[in-house]
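These notes open a run of structures that come right after.
One chain, chain A, links the two complexes that follow: it is found with chain B in the first and with chain C in the second.
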Partner chain A sequence: MFGRKGKSSNYAYTAARVKAKKAHLLAEDDYSKMLMMTPQEISRYISEAGYTKEMTDLANRESGLNLLEHATYANMANVFGSILLASTGGLYDMVSAYLTKWDNWNLKVVLRGKSYGLDADGIREDLVPAGILGAESLEKLVSLEADDDILAAFGRMTHITFPQDVLAAYKARSNLAEIEDYLDKRYYAHLLEVIRPTDRPSLIFRDYVAKEVDIRNFETILKLKLDGVRGEPVMKYIIPGGKQIDAKLALQLASAETVEEALSEIAQIGFYEDIKDSLDPKAATIREAVMGMRKYEMRQAKKFSHLYPLSVIPVLDYMIHKENEVNNIRAVARGAESGLDRDVVKGLLVI
Partner chain B sequence: MAIETEAGLIAIGAGLAVGLAGIGSGLGEKDAAAAAIGAITEDPSVFGRALIFVVLPETIVIFGLVIAIMAFFVL
Partner chain C sequence: MSSKEVTPTRSVLLDLKKKIKLSQSGYKIMKMKRDGLIIEFFEVMEKARKMRAGVSSDYEAAMEKITIARVVEGEIAVKSAAYALKSEPQVKLGSKSIMGMMVPKVEATSIHTHLVDKGYGVISTSAYIEEAAVAFEKLLDTLVRAAEIETTMKKLLDEIEKTKRRVNALEFKIIPELKESERFVKFRLEEMERENTTRLKHLKRKGEAAE
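Up next is the complex of A and B:
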């Protein structure tokens, strides 16, 4: 009866908690203030804005920008962990499926770290324990030496079975992209499978994920285009399950000669209307397009955030906003550290 | 016999009034209490205000109770 699975979702409890947490997120004014600050002042400012515990905990080991980056990630991991611990039933399934992206992130960090010959401490620095795997499991992955052992251990922990052809392609070329692509595709397939479209809030969540798939695919197409990869070879990197960009349109976009041509091709689909304002009409760049799409995602989340208070929606909305806040803080701090112009940094923020 | 039947029906009516009102307010309180506990977990200073919202649906039982009392003493 009191098990986490096989019982009804506790939307009221979890939604109240995330709404209380959301009230403490940084507002637009806070970012305007932070843009005027030095990195040290930013660290002090966010210490007083909900990151106190993590900043204090890590202050002995880290300093400067490193402290700020690790403290923000640690805070996000703690917050997401508390949401996962609070939720039950179908809500737990959806939240845990959504958070597995951090498990995938951590596996990628471990594999990349090992392939570049980083030591355990170097790898640990980039881990974000915001997924289902706790610090103990991640520590186990870091302690393993061979890639095969890491993949096998990760598979056991997350119940993922890597297909033989993916493993064979990875071993043949020592190219991590094979594993990374498989993880991304599996993540979205699993997430879309877990979100059962039984009610309106779940449909909204599913719709949001499908739009996210579209955006990831379009980003991939643009980035590959910049590297000179076009047409059919792009299709193996396309994640299935998108809302508007199906295989046919993806191929059409992948076959476009230039970035401008690809951007004009998507003029026919929904989200172009929303991102066109952030694009320079004469010389649109990939950075502009990607930032436009990130802002579009955030606007989508804001649009549905007030709907269905007793559902997965407030929880999803908070997780999106929290992740965005962490990315914004890091962007401001990095911008201040490297002496970037304030307007440029402001353009990189998704508010 | 007729008077006994009448008294029995009144008792059943009074029981239903309190019982159904109790079930209704219980259902209402379920989500309110869960949300209040969530809010208090995040910020213990809202305990007093949260408690008021938790007991608000309880007032519905008072209507049921009034009907039950009226059934016994007024009818």
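Up next is the complex of A and C:
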């Protein structure tokens, strides 16, 4: 789908490149040090930890923690772009399919910005070109005015055809959620389709994505439960292809009257241990549960990181850790800026 | 009205008596209104006190949630989700009467939007952002209700002050002055009657002497 077909996968070359890059990722100690720093010190520390170029490039446009946030995203986009450029064959297909989530992110940013009436500069500022669409393609999307044109252009660029019922529902309610939810469901469906379980590393990758689908689905169920939506209407937002939460279990969980009831249904599922204490049936929050699931997801990634050095695994592992690093840096810096307690910020880090 | 400006006639006396009666009954009613407004004010003040505490706690909760959302999801994601919101809260202004005084009645509609109608994707939008959005909706709702109560309290205070001034004016100025005028007219009328009687007696005596 994304080209470079006919070539064989260059696992050895790409894996060697990401191995070198992985050595530069921040370690747990770095976060402990950063937690003791002021936002300015964190910015300086990050500048010296591989983000120098992006911090300098964006310094004339952004300042403070916005500079740090944009620079870390820009660095991540550059790194992912270089991995994509280096990979070929089946590896390229898998990496590009994995990275299309950033194209979806960018489309959402463009559509939301346009619906709000934001100017092109305002929209451009929030784009993260870490997907397969380059700066030129994104610029084209930003320059278009009508939603229909943007969706059509995006469809041409990524070979996505938006179903008529999705477009009709979007137009009828002027609700971007219809498009966004379709994109998210399609992302996972496509990713699972591209990862052909022909060998053990691909199976591990597929397994990881399926577990991620479980987590997304459970989070969706909890979010809707908090909002009072239960039962069959929830199924519209369930992503097919989960590892342990199939449609039947999803419906059972969605139909559960209370969070406690839902918890008893998932006792056998991997992340149960991580979230069982944080899901207080009386609490009106699911933040701790979501954080528990994110930490579980990271632990799953760490489990396979050392396996199969000449496969898609090290590449995937690096991309997961790089994105996580960007999130953690931002969390530490924003936490320090807002004066949050260090222990609270530490609890929000996925290490 | 100074007593010296009053013409001492019987009709003026009757008029003054009527005015005194009216002022006294007005004074009584105004005093009752003032007391009623004070009772109402204390009730509203208690509500306002609770509401202010509610605004403070809701504000703190909302700020805590938005801070956490910005920490976990980043400024870009939070900002982008805010751009997607479709519905705008509507505020309906009306009025209601408390002891004849019109106070505003503020009603907010469509403050809370369900997750599926917010405008951003249900699947990808993080629970942190959604919780922050819900917390701000709650804060807005509390603020609208607080605005109604605070305005009512302010209007009640103004009205109590106004009524107090009227009661004092009736009690210490208007009624005493009217009574003073009444006393003056009564006195002048009695004086005139005495003069008249004397004059009649004098005329009678003169008449008898002439015979």
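One rule holds in what follows: the second predicted complex is superposed on the first by the 334 of 351 C-alpha atoms of A that agree within 3 Å, B and C clash if a C-alpha of one lies under 4 Å from a C-alpha of the other, contacts with A are read in each partner's own complex, and residues count from 1 in each chain.
The rule is simple: contacts are C-beta pairs under 8 Å (C-beta built on N, C-alpha and C of every residue); 3 or more make two chains touch, one makes a residue touch a chain.
Owing to the predicted nature of the structure, the values given are computational and were not obtained by experimental measurement.
Superposition of the two structures on chain A shows chain C fitting alongside chain B with no clash.
Looking at the shared chain after the overlay, A:Glu69 reaches chain C, while chain B stays out of its contact range. In the superposed pair of complexes, A:Ala86 makes contact with chain B only, with no contact to chain C. A simple residue count on chain A separates chain B from chain C, and the partner touching more is C. In the superposition on chain A, contact is made by A:Leu118 with chain C only, not with chain B. Contacts of A:Leu310 after superposition on the shared chain: chain B is touched, whereas chain C is not.
Within the superposed three-chain model, A:Lys21 lies in touch with chain B and out of touch with chain C [touch as defined at top].
Using the contact criterion defined above for the overlaid structures, shared-chain residue A:Ala12 touches chain B, although it does not reach chain C. Nowhere in the superposition do the C-alpha atoms of chain B and chain C come closer than 29 Å. The interface of chain A with chain B does not overlap its interface with chain C at any residue.
Residue ranges of chain B in contact with chain A, taken from their complex: 30-32, 34-39, 41-43. Of all residues in chain A, those touching chain C in their complex are 65-66, 69-70, 73, 104, 108-109, 111-113, 115-116, 118, 126, 128, 173-177, 179-181, 183-185, 216, 219-220, 222-224, 226-229, 233, 237, 239, 285-287, 290-291, 327, 330-331, 334-335, 338, 340, 345, 348.
The touching residues of chain A, counted against chain B in their complex, run 10, 12-17, 19-21, 86, 310. Partner chain A is touched in their complex by these residues of chain C: 67-68, 70-72, 74-76, 79-81, 83-84, 86, 114-124, 126-128, 130-131, 134.
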